[in-house]
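Two complexes follow with chain A in common, the first pairing it with chain B and the second with chain C.
Take a look at the complex of A and B:
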């Protein structure tokens, strides 16, 4: 059996290319077209090959070396950048991410298991279009550093997801290479504006909140049914400000619920508002259902998660004495 | 395009350290490490089960970290140090294995090599893990027999013994 399996795997084994730059990786993809795929950790690809969802390609373009020698997770004047090839394990154990991007840290902690996260990368998670890190990155207004036909360029994650979904619908998938992910931080701060140390909240009397939730079919090591992230603040008059909502999970490409963010900006946060936000999520979020969880179940789960976080934050704001 | 970018092959020579020995072997670059270990090298302590990263039976140490060998391709092992359960017990039964024996941390034993590897990675990196850390470290290892009670006890015992060597 061993020999047969070996022969089989050798025959099927793709050629593996190891480009040292984004431009080289891109060129290889241009050369081989649909016969080549980019491979980072290969964890999702392996799942697709084994399940028959995708065939092993003739060429694998290993993108783990395209980022050069810099620190893979780094802070700079305009924010924080994480190279696409950074493993989820490195993201999980990084002190800077834990401190400045706690929702991303929480999301990564809930992806797969530590052993899978040693191989799996943040770039692969984002590029999969349905990775559980996406809702967290969306509320942080993440920008993607991409390499495409026109060379290097930057794109808002939110726009990129929407455009890629459209391209998929019209069967014209774009094959852009992801180089890195940048989380902007407002000028003059060293903090993602979604994140506030507890002391700051007390001083400013504006309660800032942020949460990431993943609901699966079991407690841990499970694919998501719903993944949601919420950030915002409640001022001393109980008014909701700067709210950002992102929802995804399962095979649904996540998105920001910008229509709700705009509709409820400046609203006083009381029971009737929460009810309207709940109804709003049911209205605008369009998840894909499957045999395990219907679209309706996913909608109401998403609405519950979001409203629960807002309700908790409002309650804390009140018991916090203001 | 640089020279290195053109460096691809089907007949590929993998150089790595396996259970402490420098090793070179001809293989296919995308061959699963699990197949290399079990089928080519007959190191059958590493178990094959789901082959999609979901059970942990195939766990090995790569540079000291627990990684699923069914998800790892040969080229991803280049220059790395790989330890299997055979390597862990090369110098006699490992204290983690002893703790599993004493605490009944197994029944059929199929998940046990993977569990031992995950516990070793955990304790080597964090000698005093709390319950949350143990749960996270073992979240990728599934056991269909024990109900996990004996496994929890074995991990705690192994951690305790490391702190107080007899």
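Take a look at the complex of A and C:
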């Protein structure tokens, strides 16, 4: 009788593969197809298995060792790269991220709980399509380093999210493997949402701002209801420039609100403008509501947070305080 | 007295069970294993309400590793359980009434085999209409869930003439309040180890709040004499009322006796949510009127409680709510009607606060609204209407008198926190942050009340090895009972901690001290020790006099042994004493929890008074509330154990915070929507960063013989209305539904509104 039980257990426990390169991982996935799932920390997968949202696969492809780089978080000429398999805990305690990508640092700090962050990876958070790091990465214009059938390539996170959402809707999920995330930084800038230095000189009184917000149903270890990030600059006349807005939260795939970014570029940030931005967020952001937080609440929360950040920044830029 | 570590001096002690708990070394009953044990699981209903057409267990019985598959046909005794009224089937025969109903139970050699066997059991159901609303369940046309209908219990109380009362009122407030289906969320889910003995006896290692009640109920189900069953029930990883009723014990017991092998059960969190008890969701409608002076004149209340499919203590919870919607105030005319309705939702039952949480949220809401209509300070308004020392209780029953009401009222009235109420909102906070101060007041009954068996007692004995054994039938579920008992023995008898052995939670050894519920255990231990102290001291000293050749009045109890009075010289150690011949040195007591001389089931005699003030911060951008400060004034007599007292109030308030802001086991058409702790959200430590101050009022009237009052529940009942009151102060909005919905409190930023103007 024990034999049968053993067999059963074998069936239930996936075989775990440990490829040493993206190409090997990719090949394994090609071999096993739908019977295999890429996994790094496995924290999200476990909740899906437990709740019955997904079946435990026959094969797990461990992608935590596919990138042989010594420094999982590194700075280079064109920006910063974070390996997909970098744990959230490592991101959270990394000095470079804290200095150069403060919104990402803030976002990661608010994801799950310490024990989960120890295992969960930034790549997994991105690949989930609804991770709370995404709004921060979106306003940083993050690019994804992917491995697919045709080899390695780079893709804008924003485009990738939109394309993946479309693919999901048409039930044709693309199976590309995420290797790393790169934040472009123009040479010489001190952080990612800075304008180029030449420009900065011209607008020396320009106030740059950036904020990340997560609102959940409690203060910690909670799924987000709204996760939003905003960066930009305001000059001393109160004119808004270079605004980038990204909103998500819960089961809503985050996106940049580029229509608003364009519409309000160069606008003077007085109350009427803020009202129009507020209305704009309600208009263009389409979150998914659930039992605990309606779509309307998610919209108004996102709108409130964004316009308040702008109002605060404008007040600081123009009068030095609010 | 401000209760904290610093002020408690040497009375602040490391609890005996503390180190092993915080290091994870302690083995709970659900951690136990036995050689050759089987794993047990329960097949629960797929439907909230259905007729069972057939149950086919053949395939499951054939499956590998499966040792037993039991259905209703295999229950030798009463196929039902329930502390007050056994109407919950152990294994359903022809009908299921909620998604936690058990249809079959399986024991197999591995957990995987048991899981697989469950999948092989074929149950044919015919779905029946689902009653998912308590009021709808009470409609005459509703399908009957039980032969006697869908009304588990009606409890009422009235006096005077309501119409006449309201006719004379200058202000009348009418409001309906809703409270959530809160889950106990103990860290240790239900489970245990069930071990059949060669002598035909069964030993049950499973957490419960009343071992003897479990023994009686299991005896009924198994058709086995009670003496054949031993219940070992502590330590427990949290209960809060949730493990008071039987849970997995009937299945473990049936399977162990059937297979002759030990059987282990341990619910997953999913199963715990699905099958376990929750706090009764209540809809409470109140109409309350005052005269020109602000005196309460008429108070009309209708309570609808959703009790779920079976009784457990639903009727008793309703009785408690009916008493506490009257509460600490005086009225001329009263008409209270409570209805507890059977539904196909989850099981509701006993939970810390026991119906008081819901009642007090509603009642205090009325007081705040009326005070505002009178333009009065809400605290002064309460004082004006409060019962005075010497007054009877809510049901006009005699009660044990204290000045507690006045005392806790005064602590809040004089507190710095309450004075912040009238301060301007500080200018250094962003305009979207609003703060508010609020307070609420309660008299909370302890004990089970009139007409319900409520035994108490214990035993002290000198063991053969010289340890002083304190033997009680109470349970340690984290509240600190062992620590409190130890401290009482040290302080009242002069023993050292190392002289003591505390024995609890084993029906083969302990006397029936009654249940560890209703804020009663510490008070009853205190009373038991008081009753046993003189006879036990005398018995020890009598033996010592013989050995030492000294007179009784030259000796006294001390650390390590009997000492010479005055000099503290050790005359004979307890170990030496234990080795001497003589009558056994022991003292036993049993008595009944004090009750009121009134013919009203559930009416209380002993009350704890508490007042809570809070300061909250509302972020209007998100509508989320953060509690910045809490002050709990508690009048409950002498503080038996300062750390335990503080722990109970802080812990209770943490549960109340969840009840107020985040917790609700949401159901839809009889199914749980919050099936795990990823959607059912209890407060984390990050939600509780605010200060909590606890002021304990120890003074009791001269001649009081009842001693310490209960504090196990009172920390959890008063916070919600205090927060609601503070939210009103901050936002101008009245909260009527818990948990508070952020969307209700959210506002557009003021700078936008100005733009629109």
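The rule is simple: the second predicted complex is superposed on the first by the 296 of 322 C-alpha atoms of A that agree within 3 Å, B and C clash if a C-alpha of one lies under 4 Å from a C-alpha of the other, contacts with A are read in each partner's own complex, and residues count from 1 in each chain.
By definition in this document, a residue touches a chain if its C-beta (ideal position, glycine included) is under 8 Å from a C-beta of that chain, and two chains touch if they have at least 3 such contacts.
Everything numeric here is computed off the predicted structure, so don't read it as measured data.
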Touching partner for A:311 - first (chain B), second (chain C), both, neither: second
Contacts of A:293 with chain B and chain C, given as first, second, both or neither: second
First (chain B), second (chain C), both or neither touched by A:50: both
Which of chain B and chain C A:34 touches, first, second, both or neither: neither
Touching partner for A:220 - first (chain B), second (chain C), both, neither: both
Partner chain in contact with A:262 - chain B first, chain C second, else both or neither: neither
Chain B versus chain C as contact partner of A:167, first or second or both or neither: neither
Common interface positions of chain A, toward chain B and toward chain C: 1-2, 5, 9, 47, 50-51, 220-221
Chain A to chain B touching residues, read off their complex: 1-3, 5-6, 9-10, 13-21, 24-25, 27-28, 41-43, 46-47, 50-51, 56, 59-60, 62, 89, 109, 112-116, 118-119, 220-221
Parts of chain A lying in touch with chain C, wherever the complex brings them together: 1-2, 4-5, 8-9, 12, 47, 50-51, 215, 217-223, 226, 270-272, 274-275, 278, 291-294, 296-297, 300-301, 304-305, 307-308, 311-312, 322
Chain A partner contacts - residues on chain B that touch it in the complex: 1-2, 4-10, 12, 27-32, 35, 38-40, 51-54, 56, 59, 62, 65-68, 70-73, 75-76, 118, 135-137, 139-141
Contact footprint of chain A on chain C as seen in their complex: 64-65, 109-110, 112-113, 116, 270, 430, 432, 621-624, 626, 661-662, 666, 668, 673, 675-676, 678-679, 681, 683-687, 742-743, 746, 748-749, 751-752, 754-756
